[in-house]
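A short write-up of the structure that comes next.
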Amino acid sequence: MDNKKIKNLLTSLKDGTVSVENALRKLKHLPYEDISFAKVDHHRHLRQGVPEVIFASGKTDEQVLTIARAMHKKSGAFLITKASKKIYRSLKIKGAVFYPDSGIIAVGEEKKKAGNVLVLTAGTSDIPAAEEAAVTASFLGSRIETVYDVGVAGLHRLMDSSDQIKKARVIVVAAGMEGALPSVVGGMTDKPIVAVPTSTGYGTSLGGLTALFAMLNSCVARIAVMNIDNGFGAGCRAHKINTLAGNE
Amino acid sequence: MDNKKIKNLLTSLKDGTVSVENALRKLKHLPYEDISFAKVDHHRHLRQGVPEVIFASGKTDEQVLTIARAMHKKSGAFLITKASKKIYRSLKIKGAVFYPDSGIIAVGEEKKKAGNVLVLTAGTSDIPAAEEAAVTASFLGSRIETVYDVGVAGLHRLMDSSDQIKKARVIVVAAGMEGALPSVVGGMTDKPIVAVPTSTGYGTSLGGLTALFAMLNSCVARIAVMNIDNGFGAGCRAHKINTLAGNE
Amino acid sequence: MDNKKIKNLLTSLKDGTVSVENALRKLKHLPYEDISFAKVDHHRHLRQGVPEVIFASGKTDEQVLTIARAMHKKSGAFLITKASKKIYRSLKIKGAVFYPDSGIIAVGEEKKKAGNVLVLTAGTSDIPAAEEAAVTASFLGSRIETVYDVGVAGLHRLMDSSDQIKKARVIVVAAGMEGALPSVVGGMTDKPIVAVPTSTGYGTSLGGLTALFAMLNSCVARIAVMNIDNGFGAGCRAHKINTLAGNE
Amino acid sequence: MDNKKIKNLLTSLKDGTVSVENALRKLKHLPYEDISFAKVDHHRHLRQGVPEVIFASGKTDEQVLTIARAMHKKSGAFLITKASKKIYRSLKIKGAVFYPDSGIIAVGEEKKKAGNVLVLTAGTSDIPAAEEAAVTASFLGSRIETVYDVGVAGLHRLMDSSDQIKKARVIVVAAGMEGALPSVVGGMTDKPIVAVPTSTGYGTSLGGLTALFAMLNSCVARIAVMNIDNGFGAGCRAHKINTLAGNE
Amino acid sequence: MDNKKIKNLLTSLKDGTVSVENALRKLKHLPYEDISFAKVDHHRHLRQGVPEVIFASGKTDEQVLTIARAMHKKSGAFLITKASKKIYRSLKIKGAVFYPDSGIIAVGEEKKKAGNVLVLTAGTSDIPAAEEAAVTASFLGSRIETVYDVGVAGLHRLMDSSDQIKKARVIVVAAGMEGALPSVVGGMTDKPIVAVPTSTGYGTSLGGLTALFAMLNSCVARIAVMNIDNGFGAGCRAHKINTLAGNE
Amino acid sequence: MDNKKIKNLLTSLKDGTVSVENALRKLKHLPYEDISFAKVDHHRHLRQGVPEVIFASGKTDEQVLTIARAMHKKSGAFLITKASKKIYRSLKIKGAVFYPDSGIIAVGEEKKKAGNVLVLTAGTSDIPAAEEAAVTASFLGSRIETVYDVGVAGLHRLMDSSDQIKKARVIVVAAGMEGALPSVVGGMTDKPIVAVPTSTGYGTSLGGLTALFAMLNSCVARIAVMNIDNGFGAGCRAHKINTLAGNE
Amino acid sequence: MDNKKIKNLLTSLKDGTVSVENALRKLKHLPYEDISFAKVDHHRHLRQGVPEVIFASGKTDEQVLTIARAMHKKSGAFLITKASKKIYRSLKIKGAVFYPDSGIIAVGEEKKKAGNVLVLTAGTSDIPAAEEAAVTASFLGSRIETVYDVGVAGLHRLMDSSDQIKKARVIVVAAGMEGALPSVVGGMTDKPIVAVPTSTGYGTSLGGLTALFAMLNSCVARIAVMNIDNGFGAGCRAHKINTLAGNE
Amino acid sequence: MDNKKIKNLLTSLKDGTVSVENALRKLKHLPYEDISFAKVDHHRHLRQGVPEVIFASGKTDEQVLTIARAMHKKSGAFLITKASKKIYRSLKIKGAVFYPDSGIIAVGEEKKKAGNVLVLTAGTSDIPAAEEAAVTASFLGSRIETVYDVGVAGLHRLMDSSDQIKKARVIVVAAGMEGALPSVVGGMTDKPIVAVPTSTGYGTSLGGLTALFAMLNSCVARIAVMNIDNGFGAGCRAHKINTLAGNE
């Protein structure tokens, strides 16, 4: 359930077409629904500017499916992240889309796209996190462009993307290994950058910690950094900033 | 030298009041100035949306002062971060202001303030990072409000700030120890949040790493995190987002 | 074998219905039984206030079953933690109960429940640790209530549990990721809190270390922290504190 | 201001000797007092069961003294932890007591002592944390006994303390280095144990992390662990548990 | 090939029954044999006081078997550590013994046993490392006693082993979790102690690092510590010390 | 496509046999080819002195094969590292060679070998990294010698390789566990040494970090260190240095 | 008070020159003496085979001096480690010797020296730990030889010490940085080796952790490792092993 | 004493102007000189290709001066690294030069310079490590160019150095914080790169570990990495590679 529906409810209340008692009951009912092992939070979208989402990893398939069905009944539109193909197949919700690289499932996405979010990756292995960010921001209503595999070892490939960098309102950069790409992009533009370290690499990549720490130490001071592989958070944040700059 | 001055130069060129040769020379001269141990980068403001700044820690006082004087001649307005009172006293630049809690020096700040950046701290010991963020964003042109010492152990104090949270366009949250404040603020609002972990605490606070990791793991997925004690970066980022939402 | 049986033995000795020699032999026999690869410690309950327990992880199934049978003969009531369904099926002890979320097996539980232990979790993925704590404390004789999925990103869900918080004598809080829930609960009540960090999360959650360190750094100074995923220990501790406040 | 004063206020309201308006004003005034860089929280004692306290480390001396004076006016009784002798000398509050080993200052302590909290240390170097715990619990109203330097390398010294262990309602154990003492004490008694790892040691003691981790891994599962050197928290917790068992 | 055979060769040389040329050739041939991917070092026993050994983990089964056959031809007696049952089955060497708990294979053991090495474990899960130590020291010629599951949570079980501790010339102590057992044993006796931290435990046991660091920080200063799960090294060392004290 | 082909193109341009437009188009086309999820960088060899390479780990088999086919069409010669036998079988490129120890695939290698690169390992388990280095340097045109299993526990084995050390122009040393071999080799020769720490070992080998740190701390100051298990990088570097010293 | 005095007491008891009551009182009195902040343990020497010792670091000077005087009265012979020159000057005990490199103070040393302990260091900076080991073992009665600065970068220097290595019964090796010396020495001899990692080095030496981990991973499996800079423990251990091999 | 002097000695021997006995004595005398706490190694230059050097940090001033004087007598030319101005002043050796940024002292440098080593830094704070590398390589005979403060946040500054990059035979890159500069330089050129991570930065720079790990993870695989702040090693290595490519 999104902002608009609640506004309508409140307008109806003001207009007299809904009684105070009914409005109160509906609103009180909204916040969450208790399904014993999880409280489905139908208001989170309103309060926090993130979509309704189920983080599948760490939950049993059964739990994911039960929560998903509860969400589907109420709001119709939500995401499942870090999901398996098996969950997608058991879901049986019409119109649900599964993105196999990142394991994200989008249900009921129908927002008009606006603005411009550019998603870059340093390498091919960073695509899962990038795709999660792209799908999330698109789900929330952002127009997306993606340019993959433009790491700093071949700067000319990055230079070829300068037009897309100029057009973007906000740039998501996913990179593992030495995590240098956000710094280099940040040296080329003053656009807000959301950096996503990925667990790509081996040895001293330390599962993404090296990329994370490198990004936090960027000489381009204003880069914002997300948790390792947290494409979902990057998508939410990028969309938020994208919409701050207008709705076109 | 800021955006406006360059725009004027280019307009003058277009108007014919400046010859192509002169414009070229001036522009070419701008990027940086080589003072042997440092390249003063007068274009960074344009390219990256950050103020001209000298990070004093790790440089000798003599180096800081030499770079500062070079900057002062060209652009008139810049910051020095993590500076000592001794540097401030040796600087002898009229109008320079020293903020003792954070050790930031602002030279030539005169921007009109617009928008609304709210800076919160969990405790008194987080004020240095918060002040660095506030002075930086203000220097760049953001209107600032600060509310200090509203950590999660006394939620009612935070609740009393809900009006200020509602008015803000972007919120900077500085917190050390368990770093929980950004999550709680993020649960109350959908405003963009810039989280600054601080090195406040002892034992397993690990010099700020615990607060950093906690913020990166926030259940409020869209929080952007800066390096430990990086108030400067938070100020740059908050200002950028603040201006995306308009210039009032 | 529990406190009561030993008291009875000693009373019988005093009453003359048991000879000194027999009492001595029985008591001497009690402490432990040597089954070559493990010493079954029938006195630990007395000495330490924890139930007889087999920590299954790191033992072969065969070892677990042999120890379990030895315990079953002597005392009739014990727990097996971190056990698999396979162990449960091979166990073939009447009345044994298997809890699949946490993998705990309770044998011979029949204590009258008293007092009030409240078990909270931040998310659905924290339920295994919470269930282990709840089953353990209940086995020892505590009355239990559980409220799951009330993390800090949705404070109103936590607020709805304030009645249960008021009624509780001691509160167990299981949380992974940023581990902020114990601080927030601790800001709402002066009840003793036992915090269990869980290995829920990814990236910088570091397998639960971030939640652990955050809890140890809580601005609510008096929170007691257990090892990562140590629901068993939390249940023992919560029961102990629960009974200190009376036996109703 | 403690529980009793507020109860009196509410009784006066009920009795009619205080008007609703006055009661409201007084209560509303209570929660905290804004002194710009810190919000003095006069209700925390009520809400959280900890004393009013100023954590001096990380604050300037001036800040500590300003907060201390504000606290002194309102409630008369509070603690300052990790304070220097210099702060104590500048404080000039009659009856303030300074404990040099731990750097704790107690102001206005006058509670009647009840129950029994035993504070043990493994070595002489663990006394600072132990003293902080002892002074805090005593300040809150617990009767205290201390036995220092009874580490596991000389078990007979610990055995000589078995009478004190038997009399105690709760035991605080401070230990650095290998942090083994809580396990050994926990093997001797079923009393609740609050373990405080200390930063005593060198090399792989890792500033107390080794003792912390050892305590969290104790084979005596029910031990509750505090942050490194957090004697204050241990004192609060020990007092809480002590009072659960009655007021004698 | 062991010390005795070489002594015989040299005696034969001195006696004139072997020519200098032949002795030289044999000795030169001895040191190692190049089988391309490994140099089988037949002299290591002489030089270092360790048995000929193949560390199977990290080698392919094929490599282990090839090296084993080369060793078998020359010396007849050697160990394979961290081996699988599958390797044992493929080995097909008469008299080879496989110990399933630790995965150690002993080939050609026939030394007379002397002295007294006591091997203790804190728990059942520490048996693999302990067994590796026991088999190694026995293979080298030490008489072995083992007492398992005598951790510090039940000190009386350890006390019951005091006779065995008194008889031992050197004590190997294997313990995971908090690693406290070597300290407690070290407080009871002045015998040399070889401590083996094990990877038993979970959460902050950090795969054995906590036990390792605790042992290195033991208040009983003279404890010698091996790598995590390095039962083989502990067995070598214990045997060496055992033989220093005589050959009975 | 290598240096020579480009030189030919440019000469053709100068000779007039190729028009400027055609040359431009070809050159512009060269740098990389966009196959959506990866930009195949045909110029990297020129710019960086490394062969065209696909790092298979972290990519799907499908992605590896698509990139491989694109590379095969353009340049004919490239490497795939950390590949599985399954990829090799699906590749179906004539002349491709698969090295099973290291999982490296070499396609189109036909360079004349020159100079002398010596590759040493401390143990048998270090061979995968060593083989990756050897195959890479050979692919680039270096003559290779390998001596495996000459760790510091048997110095005489290393001493027997002194002739090979004397002949080498550059020495690659792969070692895990305590990582001491580069220091010892470095004490014997002034040849450039490229050290590759490997993930061989267990417990405190920390997946190769201990060997890495030991090598970085070598008392032989001039040793260059690669990432853990990075045989490919070591091979590139060794070849580069090898060719600096001439083309024989 | 050492072994001999107690033996005399017991003999006197047997001879009838001391009554059972007196012997009991004396023995009971012996174990430790309570000086409030420390229990001076006069029996530890007997029980643990270590000298009476005060670890000065982490204690106030006043505490060290008080404990030292109590020890001086009873036993006459003890050590103070990690002490400052200031403590030595305030001590004013005749015959006390101060070793400035390691900060060890020896009081009342007069044992006859026997056996042979060789103490090696890799560099000049490792001398403090080595000296602490040498003074401790000498104090306990071991004959000592020291050879300093024989690190692996100059193997010929180590080779020149081969005579001393042959004569030694046990070898203490102190090394920082990459910690390779014990492996190399262990490859040359089968003597028991006690390795002491030191905090010498910078960057990735990590305060001695790298040397420690390298030693624990030594390919010479039987090396025993002490805590970082723990020369005292190494001295105790080396002496113990030295005396196992006889009293000459 | 350098290569040339030894060659002369050997030629004299061949020429008959020096007797075999005298040559032997001189050569035998050369390797090192025992000054009790240090063995001055006059042959290291020959064997390892590094200059004679004293690493001052961790030694007392007295030790540094004694070793320096011994070196001065024999060879005349050596370096002291990480030295203080105080040591320099006490040294009183004619012609010694002190470089205050890095604390390096060069004695007797007089080599002819050849080749071309380029030393780059990312920022002003990286100059100490860079200067140490530059002085060392110059001392050994390399021609040096330095370009400081060309970090990735201002790529155009780096682009301006492309001529110098083209001329260089080997490039030393010193960078702290995110350590991205070597990757970017490596993407521009195929010259050998020696990367020196520096301890510049704060928070998650972790004293240089982040820069180190980032460099080891560089997508430009062939970069060689030194220990944190190890400018000396980088200088040795760069000189070695520089001379491989000829003596001009």
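Which chain is which? They are A, B, C, D, E, F, G and H, in the order written, and residues in each are numbered from 1.
Just so we're on the same page, contacts are C-beta pairs under 8 Å (C-beta built on N, C-alpha and C of every residue); 3 or more make two chains touch, one makes a residue touch a chain.
None of the values given here were measured: they were computed from a predicted structure.
Colleague: What chain lies farthest away from subunit B once each centre is taken as the mean of the Cα atoms?
Modeller: E
Colleague: Looking at A-B, A-C or D-E, which pair matches F-H on over half of its contact pairs by residue number?
Modeller: Same contacts by residue number as F-H, out of A-B, A-C or D-E: A-B.
Colleague: Indicate the whole-number Å distance between the mean C-alpha point of subunit B and the mean C-alpha point of subunit D.
Modeller: 38
Colleague: How many Å are there between the centre of subunit F and the centre of subunit G, using C-alpha atoms for each centre?
Modeller: 49
Colleague: As a quick test, compute the distance in whole Å between the mean CA positions of subunit D and subunit F.
Modeller: About 60 Å, centre to centre.
Colleague: Could you list which residues of subunit D touch at least two other chains?
Modeller: Where subunit D meets two or more other chains at a single residue, that happens at 47-48, 123, 153-154, 186-188, 201, 203-205, 209, 212, 216-217, 220, 227-228, 230.
Colleague: Throw together a list of every chain pair that touches.
Modeller: Contacting pairs: A-B, A-C, A-F, A-H, B-C, B-D, B-H, C-D, C-E, D-E, D-G, E-F, E-G, F-G, F-H, G-H.
Colleague: Quick one: which bits of subunit E touch subunit G in the complex? Just the residue numbers, please.
Modeller: The touching residues are 46-50, 53, 169, 186-192, 194, 212, 216-217, 220-228, 230, 232-233, 236-237, 240-241, 244-245.
Colleague: Write out the stretch or stretches of subunit A touching subunit H in their complex.
Modeller: Contacts found on subunit A: 122-123, 151-155, 177-180, 183-184, 186-188, 201, 203-206, 209-220.
Colleague: Once bound in the complex, which stretches of subunit H touch subunit G?
Modeller: For this pair, the touching residues of subunit H are 31-32, 36-39, 41, 43-44, 47-48, 57-59, 63, 67, 197, 199, 207-209, 212, 227-230.
Colleague: Once bound in the complex, which stretches of subunit C touch subunit A?
Modeller: 123-125, 127, 148-150, 153-154, 156-157, 200-204
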